[in-house]
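In the two assemblies presented below, subunit A is common to both, partnered first by subunit B and then by subunit C.
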Partner chain A sequence: MSVVNYGTREITCKIVYYGPGRSGKTTNLQHVYSQLPEERKGKMVSLATDTDRTLFFDFLPLDLGTISGFATRFQLYTVPGQVYYAATRKLVLQGVDGVVFVADSQSRQLAENIESLQDLHANLAEEGLDPRTLPLVMQYNKRDLPASEISPIEELDETLNFRGVPHFGAIAINGGGVFETLRSIASIVLGRLSAPVAKST
Partner chain B sequence: MASDAKKGAEGEEESGEFAEFLADISQEIAQRVASLSPSSKSTPIQKKERPAPTDPRVIVDWENIADRMIEEMR
Partner chain C sequence: MTRPTVAEPWVAAPLKRLMDDARLISGVMLYPSGRAVGQFGFTNAADVMSVCALTSAINASARELGRQLDGKPFLEMHHSGAERQVFMARCAAGGQEFLFVGVFDRESSLGVVEIYFEEFQKALVNLRPDADAPKVVPAGDFEGELNRSLDALFGPLGR
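Now for the complex of A and B:
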């Protein structure tokens, strides 16, 4: 869980973009990265390999500067969506503070969305995190595709969003809905920030 | 866009989508930090209430105790 560290005066939050392969997780991060002012642009790291033994994810450190005297950082990660990278997804989820589930709006991808959501729940449970309470936001991406190819948002929401968490339609390829989604998950995560528990002596 | 320019973290000028995001988040962080601050949670130490006497022979409050002690010693 993310904490406000009064000792080091730091706030660090880890947000993971989860979802099936090719749903647009990396595109979300790429858009965020493209909007960063030059002086704030760190390195967006993308590691790609062929085997599950090696890390394969995107990482974007978002340094928000000093806010109220606290050095504030958001760490944005994506997981590999492909089914066979299960171990990597578990690794990336360690220490997560909030999840953005990026669903592919295409009707033919509905089964993949459901499978990925189930995979998320299973992996969170394995990490000892409660999938029913972890900060979560749904993003229904690719809303720019022809209406005949995509499911209505209401239908996607009914099928995937059983917790009734905030949801956003998005066209990540041109940035639509990307920052709205990020703002929402950041807000939920910040609302759950806690002060560190004092150590007993 | 210049029209989108907003004050980011601790007075830095930012612009665009990131600036709006930063402005919103900064406000939330400020509120959260203030509400969680250890100093905001400290409460003044309450003076311990003296228990009400249950036995009439027990003297709980003895006014001018110094004078009474001197008197007793005479």
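Now for the complex of A and C:
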């Protein structure tokens, strides 16, 4: 859950990029890292194999600046998508505040997308988090591939986005849709904090 | 030596004592999930977050490795580099489990760190994590400031 430290006036939120293997989760973080000014980001940590597949996780700390007197920071994580890294995904999901589900738009990857989404729901439930209410944004990546190879966004949305959460088409390899997605999940996660604030002021 | 920076005041005194006695260069106490409780020796919040994320992951890996190889979780880890060494271990306060990671150089040694970490553990046992920290709610136009900050950093939605 979001950590609001009233003593040090800090807000820290954890966002996890989830999705099947090779869907573009790490690419999302790499683009964010490459575009943000030095003073707004920490080092990007990537625990990957020799073939560049995420072994454990990627991690990128971001500084959003001061909002209403609180230093606000985001911790962006990815999980390894391959099915055999289930234990790692559970670990990374601990304390999550919001999830970006990065789906692979390729038609032949639809089953993997569905399996990964089901895996996400099962792991969230194990963590005691309600998959129906946790902040979530869908990203349909690889929209630059030939139309014959990818599913229409409407079709992906129909199959994967049963909650009707915000969704974005993306071409993470060149940055398309990456910041829109991050902007959206950040707004939802931090917006949740303002609700109790409004009540108590 | 500077004083520790703590998110929870109850840990400040024992952390300062450990830092001084064991001659640690830097260290972080954190929840197993990776949330920092207190730190010393770091000047950049992003570095603290990175150390916490990695320590949390190492702890989970070591735990499982211990279960598989030794039948029970490993409780301590030590890595020796060319100039600096890292010590990681678990501790508890008020029934809550925490992790600690400390960095030291030739001014200290693993044995010294272990001795004073044991004292640190004993000091923590009788302390209780403070769940009743005074709350000062964010003031002003939280949503407006949030949107301006997000716009500045990520660009406006629907651009």
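Simple rule for what comes next: the second predicted complex is superposed on the first by the 183 of 201 C-alpha atoms of A that agree within 3 Å, B and C clash if a C-alpha of one lies under 4 Å from a C-alpha of the other, contacts with A are read in each partner's own complex, and residues count from 1 in each chain.
Convention: a contact is a pair of C-beta atoms (placed from the backbone, for glycine too) under 8 Å apart; a residue touches a chain by one contact, two chains touch by 3 or more.
Treat the numbers as computed from the prediction; the structure is a model and nothing was measured.
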*Answer with clash or fit: subunit B and subunit C placed together on subunit A by superposition.*
clash
*asked:* By the touch definition at the top of the document, which applies to A:G175: first (subunit B), second (subunit C), both, or neither?
replied: first
*Check the contacts made with subunit A and report whether subunit B or subunit C touches more of its residues.*
C
*In the superposed arrangement, does A:A87 touch subunit B (first), subunit C (second), both or neither?*
second
*Give one of first, second, both or neither to describe whether A:S148 is in contact with subunit B, with subunit C, with both, or with none.*
neither
_Contacts for A:S184 in the overlay, against subunit B (first) and subunit C (second): which applies, first, second, both or neither?_
second
*Touching A:T72, do we find subunit B (first), subunit C (second), both, or neither?*
both
*Counting only touches as set out at the top, which of subunit B and subunit C does A:F59 meet: first, second, both, neither?*
second
*Give one of first, second, both or neither to describe whether A:V45 is in contact with subunit B, with subunit C, with both, or with none.*
second
*Given 6-14, 96-104 or 150-158, which one is the stretch of subunit C whose C-alpha atoms run into subunit B?*
150-158
*Enumerate the residues of subunit A that count as touching subunit B in its complex and touching subunit C in the other.*
6, 36, 40, 64-70, 72, 179, 182-183, 186-187, 190-191, 193-194
*What does subunit C use to touch subunit A in their complex?*
5, 7-9, 32-35, 44-47, 49-50, 53-54, 56-57, 60-61, 64, 133-143, 145-147, 149-159
*Quick one: which bits of subunit A touch subunit B in the complex? Just the residue numbers, please.*
4, 6, 11, 32, 35-37, 40, 64-70, 72, 175, 178-179, 182-183, 186-187, 190-191, 193-195
*Flag every residue of subunit B that touches subunit A in the complex, lowest number first.*
8-10, 12, 14-18, 20-22, 24-26, 28-30, 32-34, 36-38
_Contact set on subunit A toward subunit C in their complex_ = 3, 5-10, 12, 36, 40-43, 45, 47, 56-57, 59, 61-73, 75, 77, 87, 91, 94-95, 179-180, 182-184, 186-187, 190-191, 193-194, 196-198, 200-201
